[in-house]
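Chain naming follows the written order as A, B, C and D, and within any one chain the residues start at number 1.
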Amino acid sequence: MDFKFTEEQQMLRDSIQKFVREHYPADRVGARRKAFRKAPGFAEENWQQFADLGWLGVPFPEELGGIGGDLADVMVVMEELGKGLVVEPYFPTVVLFGSALMLGGNADQQQSLVPQLIEGKLRGTLAYMEEQARYELADVATTATARDGKYLLNGTKSLVLNADSADYLVVSARTGGDRTAREGITLFLVPADAEGVKRVDYPTIDVLRASEVSFENVAVGEDAILGSVGEGLALLEAISQRAILALGAESVGMMEMLYRDTTDYTSQRVQFEKPLAAFQSVKHRIVDMFVQTELTRSLLYRATMEVQGEHEDAPLDVHGLKHMVGKAGRFVGQSAVQLHGGMGQTEELRVGHYFIRLAAIDAQFGDTDYHLGRYTELMPIPEGEPDADLLPF
Amino acid sequence: MDIDYTQEERQFQQQVRGFLDENLPRGNEMWSKRDAWFKSLQAQGGWDVPKWPAEFGGPGWTPVQHYIWDRETAGRSLPPVLPFGQVMLAPILMRYGSKEQQERFLPDIRANKVNWCQGYSEPGAGSDLASLKTRAVLSEDGSKYVVNGTKIWTTMGHMAQWMFCLTRTSSEGPKQEGITFLLINMKTPGITVKPIFTLGGSHHVNQVFFDNVEVPVENRVGEEGKGWTYAKGLLQHERSGIAGISRTLTALSKLKKNARSVRVGDRTLLDDSSYKRKLAETEIELRALEFAELRSLADAQQTGEPGTASSILKLKGTELQQRVQELTIEAAGPYALNAGFKEAGPKFSKMGMMMYLNGRAATVYGGCSEVQKDVIAKRVLGIKD
Amino acid sequence: MDFKFTEEQQMLRDSIQKFVREHYPADRVGARRKAFRKAPGFAEENWQQFADLGWLGVPFPEELGGIGGDLADVMVVMEELGKGLVVEPYFPTVVLFGSALMLGGNADQQQSLVPQLIEGKLRGTLAYMEEQARYELADVATTATARDGKYLLNGTKSLVLNADSADYLVVSARTGGDRTAREGITLFLVPADAEGVKRVDYPTIDVLRASEVSFENVAVGEDAILGSVGEGLALLEAISQRAILALGAESVGMMEMLYRDTTDYTSQRVQFEKPLAAFQSVKHRIVDMFVQTELTRSLLYRATMEVQGEHEDAPLDVHGLKHMVGKAGRFVGQSAVQLHGGMGQTEELRVGHYFIRLAAIDAQFGDTDYHLGRYTELMPIPEGEPDADLLPF
Amino acid sequence: MDIDYTQEERQFQQQVRGFLDENLPRGNEMWSKRDAWFKSLQAQGGWDVPKWPAEFGGPGWTPVQHYIWDRETAGRSLPPVLPFGQVMLAPILMRYGSKEQQERFLPDIRANKVNWCQGYSEPGAGSDLASLKTRAVLSEDGSKYVVNGTKIWTTMGHMAQWMFCLTRTSSEGPKQEGITFLLINMKTPGITVKPIFTLGGSHHVNQVFFDNVEVPVENRVGEEGKGWTYAKGLLQHERSGIAGISRTLTALSKLKKNARSVRVGDRTLLDDSSYKRKLAETEIELRALEFAELRSLADAQQTGEPGTASSILKLKGTELQQRVQELTIEAAGPYALNAGFKEAGPKFSKMGMMMYLNGRAATVYGGCSEVQKDVIAKRVLGIKD
């Protein structure tokens, strides 16, 4: 067992922290984020810098031009991007689109797209959500009908992250089965400018970008299929696991900043002739924030290593993680806003932005309630008789 | 003990319902028929200023009548009044203002003609409001105060014509003394209003700067140095309004309807037992708190004092407001992300998120929850520091 | 609307408080309760005093020798008995047995039993619970088979309160229907010493008494039927409502004592050169205890008046009340024990006894979870379209 | 980063499992084969005193090995050791005791021959332990201390032959100075032990009175006035043990089996989704905390320091213990009332309630949760008072 960061991870972290200090300084975060309210919602020059610094290549193998990192490396990146409130679309492109390519793509698909992605020349995202589905990955009404060696896609996907700056969409559609059947879902790689693709773009509450994307007889070839026909759900679930780990890392980074910023703010602000932090009601709440952060971080590490090592508990702990991220994230975010008083309500400080981003993360890839339900289904129940010997508990 | 309304109270309830059905403008008419609405309220005998005492033209309702009014109006959209004047300043003017001040300001407040804002908090004086530093110095000839300093979190400050303001006229003695209550015309030279953008990008609060702002001495309410005493009573008033129990019951009722419109596969969110249990837990507490408010009103009616149950209203009321807001964004689900696009997801999702964000302030303003608990410990439980 | 106590209620309260000061003084509560660990679990002379002071007659009509009080009067009695940690079986006899007689009994049954009950010469209890039923009143396996103008009872009832000092048991049994059917339950009035009734008696954790009671071909006549044959569930539910109001009143009384005792203890105990109560972590928790108590008290008043006035919301608020009693009672009890430190763990102080009694109350007539579920079933859902106009909230 | 055990750690895990399978007495043999069990532990090379360093005959395990041992033994019932000597006093003697004291006391502690109790808390010194007042005065000839005062919450005091005790030898200077660590034979004249009955009627704690009790000076550990320093390190030790995460995981596992045996109509409690969600919420936090412990152990292994994650173990660990106890009495349902009658309701209900009652102490002893939070605020977060 070993929970130290490697030297490479430490360097990666340092380089992101340096970028954040330069481009996302804490005292300009409000103005900075406001500037990104319009499309594409981020700075292209920053994206190029991500490429130049090698961050876009973190999880990809060296033979495709990546640096061959693992999920722990992605965790390091996401945590630091979270701390920085960075808006560049690392999550949709590298985590969602990248995972789809690496887990589902064939050699041709990977070779034609991944090197460009790593160089910053190509972006993608995942179009999987539909309104009636809420958080259920298997609920897919969009259809893909085979005709003349092509597939025709019809349907609407909702809340597609950064679709307005993506070159490719990975789209889940039904090649068979009823709307909620676990079989019959297939993932397709669709150029964002394909004929019949229509988008309505909008900013999200966390100052990112999303789109409603509709598909009207969008024709793609068989080479657009990611993975096997009809078996897309397993692929979606694997992508979702990685998405949850990444969002978990981003959340833990933000939660840490929240208890630190709150400690600093309340230690400096004097009311009733004492620093606020000296009041036990404030101090203990900060401790509770710290405890929740450390707990969530521990589960993040556990789940990350389990997914990386394909442990049997991985699905269980990923559900547990997303549940805890939602619950702890809300507590920590709300506490920070509360303890900052009026200042916590403003766009000027980071805390409010972390708070909103944490609320937004809870609403993606299943909220805290949804994952508790999923955990409950997988929760191990030991065999054997009841045991009245409760000692030495 | 008797839970039921008296015969008179029931009649009043019917009267209110009938009146609202007949006179309340709906939907698009909310602005066009606003004046007619206020006139009809006035014609009822002061219903336009329900909290005002009869001697100032109010209806002179009992506490239970106020409760009935709140309950009956909470579920309907009423044309907005400007709360800072009517609800917050007016009681102070009535009690501590001079006859001239009352005649000068109350009619315009009642007519919703003049927008007031409140100048209390300062960057260095939040929970510890009495440590405020905005300085008012009386000119040598005694004709005016010269005000310097800054106020913050000034709701509607950018739209107000007047501010009622706590200023420091003396630094000697306990900090609660030496505070003076001034009425300041916002057009006076030397005043700058700077917007503060709050979570989600709203602008309704401001910071206000005073640079040698001259305020005629006749705009001082009551005596110099007594402003804290005047304001404290008003803060109590503000707190019971902030509890907003009737509003929260209405919000919960809307939430149930909205949750029923949220699709979860082939069912709705109201079929989800764990979500429904959360609604139920909240509703049970709300029904308890509603009755705590009634107990407090009944006590007030009989003894003139609101009783101990009242102390929990603001603390618990704001908590339950926030709980309903949380449950609203949970109902919106993925569409909690929706910040401006009306066609994505259920219609309530956009406003639901803004309410959630703005709602965080409820446990901060008007005495933050932490200070409220200190106050209950001291005043109700007699715990010494 | 009027929430004042009447003069009679005030006198009733005073007389119970006087009794408690004499017989259950706070500084001897541990020893006192220990003395009651054996059957019958209370002092007969106290019971006679209850009769002499008229407390046993509170909810019964004057024509039967009672004082014609209402549910609010019973609430006053139960609250004060709760504060005093009184062990005499007022709840099983007056509330359970008495409600069964008044709600279900015919004139003969009432006239033959109620006057004796009021005089302290006769006690009863309710035998309704079976192990498999958990908290479900309608789950009744005990059978009552009609034969030759008699009914033969067979089955086992669990946790029958104070059965070892009762003269009569009110027993729920099936005269028809499947084990969990809502129809077909009948209540019978069974002499405790009837042939075929067997008891195993034991003390409960809250130093009261209970029994497992089995019935083997216990024969009773038709005059033993309470209410109508096959319609006993409605009667059981009505008794249960009154039981919940009574336990709610007892709980609120104890909760009030808990925050008061905790305020006193922590105000006197000095640690780190300050009274414990001056520490915000202590002070705020006491405030939370107070808030929970006031909330519960408010709902108790609401539900009591609604049941008394047969309001349509009565079932809803009774479920809400029992849910809140369980939740708030646990919080207040645990907090008091915690804030008393080591002393909270001892049998010497009242707080530990209140804490245990509150836990025991949660486990009777449906726990906090059970009633939340029942509330959910009854929760009103307004008609009408979704409403996106959330202002002015 | 690597979540997996190393090859060596896996081997050790196998070794522990094999050893337990082979040597651990079961059921009725728990007492009769107790000596054989301790001998077999000793034969493994100090496994009978797992936390002792190699130089004192312990196994010299790494932190991860300790974790493996805890994890593997938590689910099984081990013959009890006397914890106050082996776990709590021994580390102090090893570090601060004289050679003579080590030779005199450690062998009996190891052999489970002598029962020790801890004399720290006093009626007036709980959370604020350093304010203790039990006075030890050195006789004029310097040969003995005369002890007067009282200790409280003395676990197993009525069965102990010896007590390790904090006494005040000076009232000057800061209260933490002037405390002296004494070893007191409980048979010394002047000692009275009075039982304290705790919730549910158990007797395991006591109050101990000292009336001119004479303690030979050679029973003082270390220097006079340094007792606080010695004890503090030991308290840290006690805290990490109190977290009891492996034990709580085992308890949760038993609870699941027990809940499956609880009938709810025609189903079992494990079919109740809202109960199951509560189990799941608890398990998720436990799995997180278990990993926090691992992180802490791994840090300790690599850096010699347990890292910040360790500070949450006692605080959160005791909370989760209590949560599992709550869920246990909820599972017992009506039979939570069952205090002594084994045939009523599910078998686990009786012990479940006793565990719930006794378990309240976990957030009080060894530094109550409130003080733990103050300590984390100061030491980990750097918050000043």
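Note that in this section a residue touches a chain if its C-beta (ideal position, glycine included) is under 8 Å from a C-beta of that chain, and two chains touch if they have at least 3 such contacts.
From a predicted model like this one, the values you see are computed outputs, not experimental measurements.
Asks: Pick the pair with more C-beta contacts: A-B or B-C?
Replies: Per the contact counts, B-C leads.
Asks: Which chain's mean C-alpha position is the greatest distance from chain C's?
Replies: Measuring from the centre of chain C, the most distant chain centre belongs to A.
Asks: Nearest whole angstrom, what separates the Cα centre of chain B from the Cα centre of chain C?
Replies: Distance between chain centres, rounded to whole Å: 41 Å.
Asks: Quick check: how many Å separate the C-alpha centres of chain B and chain D?
Replies: Those two chain centres are 53 Å apart.
Asks: Can you pull out the residues of chain C that are in contact with at least two other chains?
Replies: If we look for residues of chain C contacting two or more partner chains, we find 279-281, 284, 372-373.
Asks: Return the residues of chain D touching two or more other chains; collapse runs of consecutive numbers into ranges.
Replies: Touching at least two other chains: 273-274, 277, 370, 373.
Asks: Please give the residue numbers of chain A that touch chain B in the complex, ascending.
Replies: Residue positions touching the partner: 30, 34, 129, 131-136, 139, 158-159, 180, 200, 202-206, 210, 212, 270-272, 279, 281-282, 330, 334, 337-338, 341-342, 344-348, 352, 355-356, 359-360, 362-364, 367, 369, 372-373.
Asks: Quick check: in the complex, which residue numbers of chain B touch chain A?
Replies: For this pair, the touching residues of chain B are 121, 124-128, 131, 152-153, 196-201, 205, 262-266, 274-275, 326, 329-330, 332-341, 343-345, 353, 356-357, 360-361, 363-365, 368-370, 373.
Asks: In the complex of these two chains, what residues of chain D are touching chain B?
Replies: Contacts found on chain D: 273-274, 277.
Asks: Using the touch rule from the top, collect the residues of chain C that touch chain B in their complex.
Replies: Those residues of chain C that touch chain B are 1-6, 72, 259, 263, 267, 275, 277-278, 280, 283-284, 286-288, 290-291, 294-299, 301-302, 304-306, 308-309, 311, 317, 320, 323-324, 372-373, 375-376, 379, 381-382, 384-393.
Asks: Could you list, by residue number, the parts of chain D that touch chain A in their complex?
Replies: Contacts found on chain D: 1-6, 9, 64, 77, 80, 244, 247-248, 250-251, 253-254, 256-258, 260-261, 270, 273, 276-277, 279-281, 283-285, 287-289, 291-292, 294-295, 297-299, 302, 308-309, 312, 315-316, 321, 324-325, 328, 346-348, 350-352, 355, 359, 370, 373-374, 376-377, 380-385.
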